Amino acid sequence: MKARHAAPLAAAAALLVLPSGLTDFWIFIAIEVLAFALYAVSFNVLLGYCGMLSFGHAAFFGVGGYTAALVIKQSGLPPALAFACLPLAAMFVSAAAALVIGFFSVRRAGIYFAMLTFAFQMLLYTIALKATPLTGGDDGLTGLKPPGILAQPVAYYYFALLMTGASLYVLYRVVSSPFGYTLRAMRANALRVQYLGIDVRAHRLAAFVLSGAFAGLAGAIFALSNGNVFPGWLDWTASATPVVMAVLGGTASFLGPAFGAAVYVVLEVLISGRTEYWSLAMGIIIVILVLLMPEGLTGLWRRGIVRPGARAVPLPTREAR
Amino acid sequence: MSSPILRVESLVKRFGGLVALGGVDLAVEAGEFRAIIGPNGAGKSTFFNAMTGLLRPDSGRVAFEGRDITGEPPHRVARRGVARTFQITSVFPDLSALENVQVALLAHARRSWNLWSRARVLGTERAQELLALVSLATSAAKPAGTLAHGDQKRLELAIALAGEPRLLFLDEPTAGMAAQERLEAIRLVHRVARELGLSCVFTEHDMAVVFAVATRITVMHQGRVLAEGTPAEMRARPEVQQVYLGETA
Amino acid sequence: MFELIAQYFAWAQNPVVLARQTLAGVSNGMLLFLISAGLSLIFGVLRVLNFAHGALFMLGALIAVSVAALLPDPLSGFAAALIGAATGLALLGAAIETTLLRRVYRAQHEMQLLLTFALVFIAGDAARLIWGREEHSIAMPAILAGRAQAFGLVFPIYRLFLIAAGASVAAGLWLTLYRTRWGLFIRAATMDRDMLSALGVNTRKLFTAVFMLGAGLAGLGGGLAAPVVAVGPGLHVQVIIDAFVVVVIGGLGSVLGAFVASLLVGLVNAFGVLAFPGFAIVLPFACMAIVLIVRPQGLLGTVE
């Protein structure tokens, strides 16, 4: 067994036995971590690999959550069947939304791209808020539960682990593929890439749809564990969440954002348990992050600050920005 | 006689009230090593950009291998077999030199839509070959952004060659280099072009470089072609003297 | 068929309603202008999209409330409140720019986004800590309360005052931008920052000054809004969204664009509520998206 496989395998093993040591409350938190890890990593496919900052990614997380809720509650299918269709349905609807939004957004670059995604997220937010017959309006959709045995936290945890693990594997293969290399080249130098014969817009759109689809799946996973979904998932402050998680973990590595998600979720639980001024704490943490450790936690790790002298786990060749 | 590999007719490009290209004609035969010279502002870069799709010409025609490519976007132009390098070196700084060439090879092989294979091992042999061709074999693993200026220019050449072009545009390929380095650099390009049967069109300010390798010279001034001919012919022409003197004045 | 349409737009034939909504639209537009002018300038010069701008507006309103509470007489209290809000926010803006914002000018976009978001989070909770959760307001000075009558229609005086105040600020801004040296630098900076520092202009001070100006304007807007708006934590949320819409439509970096777009958005909001009661809130975002798709530099912005 190669040395560099040891760490990930140990981590995988830890994840498998995790529920045995946790209370129900913390198992729900673990499920949340898994969902948000997928959310953050899929977001980072756009930011870290394509260099595209999407201000409106919460739209897809929300669309996925709402789709899951509608499938489980209102599709009229027997619960088991509805649940089986759920991941695909969530991904499909989110991908469709991403296709439409992306089609308009990727024609622009930089700040205009970001603002377009933001505008579309706000459009979806207002729909979620106003289309009460469909979306439950202000209150959202509640009482979401996975069927049968999966309603048990431990069982749902393994479901979430399976979904997240499989999705992360797929995303990893994608970013390590020729398509992934092309994306990284597009981020490095979009002009030169065109002269290689690459249709930049088409590739960006594909990356956007892929990223949106998996963000939607993450939303679906979380919705069923959380029990409800409401318009707040789509409001403008929610657009910062994937950015914080990705930057916190480190955008230069594939799994960095997953780390960031774990830290973010756990911090939120711990801090909001102690004070109602969670936003203030989050704000201060972000300021520290931005000013003192812009490369995120994995950046610190790689520089040996956290583990001096240890060899860093090899990552796909990326220069820290 | 075969038709020219590149034929440009009456190419016009305006920016608002400024006429950057006022009707440029050009015909390049296969196998040529054509130099385009002229003072700054003559429109050389604009000309390149208008031919390769970065700018849309206002009127005129660009034909490559007999096919009309006027106004096609850069990625289409590239797929037809045209490559270019840039005045300000344009590589992929975060990727290693090897990866730079790999990406180009993958794009050329139309594998950029392959979402599953492990790219790290694809095309490495051919990429190494290309790096060796431009004498960069030892720097394969280095991030392109950390390479010396001259090495980056050579990497850019390797990237351009990965697309198996038949026509290569080089925008000031020796910019930013010391005099001796410049001759070496242009001789490298010339040698490679000969080996691979490429036609080249390049812009240049240094006359020593031009006269060392060019098979034909086109002089541009204020958006038009002033004169054209073999190096021997051009050496005698007063316009070329003016340009030459103008450069070294 | 015609009757249906006529019924639907019945309100359009009622001059009282028209006048009332126009006035509301224009006066709200003025408030919006005060916020978006600053936002637009900050983006044009500093190239930072200041998500915290709505929070600055809110803080201005809260400071105005506190200052007004110190003075017994509503008129002098209100005047002091406006001055306090504007200068207080200008100073706060200076503090934010010099200590925090300055560090991220050369950083990646996501770092700038995160920093301004962090300011929103911090300001929101700070407001709750300092001013509590309830809503506050300012007693309107007698001279500005009440209504005026003209052409058989009734207008609240405060709305007229807002329009006058907004127009004065707009005029003042125009004078500053087009008749002073700093204004020239600001306009030049929206077009080419690097050139400006190459010419020897102290861009550091310019940036600080621009941020102070933007923050001060937002503070002033907050103070002016305080008598007519429920001032409490959460005020910043809706405001920033509208401000973004305005700035996009008007053109990032253009004050004139912000002025025109503010009036537009104000009027669209005022009439939209009548025309499409349920979905009126979609209109601004739809406009924003359309502008970004068709002409991203907005009505009057400069193409980057």
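Chains: A, B and C, in written order; residue numbering restarts at 1 for each.
The rule is short, and it goes like this: contacts are C-beta pairs under 8 Å (C-beta built on N, C-alpha and C of every residue); 3 or more make two chains touch, one makes a residue touch a chain.
Keep in mind the model is a prediction, meaning the values are calculated, not measured.
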Contact distance in steps, from subunit B to subunit C: 2
Farthest chain relative to subunit B (centres taken as mean CA coordinates): C
Whole-Å gap separating subunit B and subunit C, where each centre is the average of the chain's CA atoms: 50
CA centroid of subunit A to CA centroid of subunit C, Å: 33
Rounded Å distance between subunit A and subunit B, as computed from the means of their C-alpha atoms: 42
Shared-contact residues (touching 2 or more other chains) in subunit A: 321
Subunit A-touching residues of subunit B, taken from the complex the two chains share: 52, 54, 73-75, 77-79, 83-84, 86, 90-96, 99-100, 102-104, 106-108, 111-120, 122, 143, 145, 159-160, 162-163
List of subunit A residues in touch with subunit B within their complex: 173-174, 176-182, 184-185, 187-189, 191-200, 203, 206, 316-319, 321
Residues of subunit C that touch subunit A when the two form their complex: 49, 100, 103-104, 107-111, 113-115, 117-122, 124-126, 128-129, 237, 240-241, 244, 248, 252, 278-279, 281-282, 285-286, 288-289, 292-293, 296
Subunit C-touching residues of subunit A, taken from the complex the two chains share: 47, 53, 55, 104, 107-108, 110-112, 114-116, 118-120, 122-123, 126-127, 129-130, 236-237, 240, 243-244, 246-247, 251, 277, 279-280, 282-284, 286-287, 289-291, 294, 321
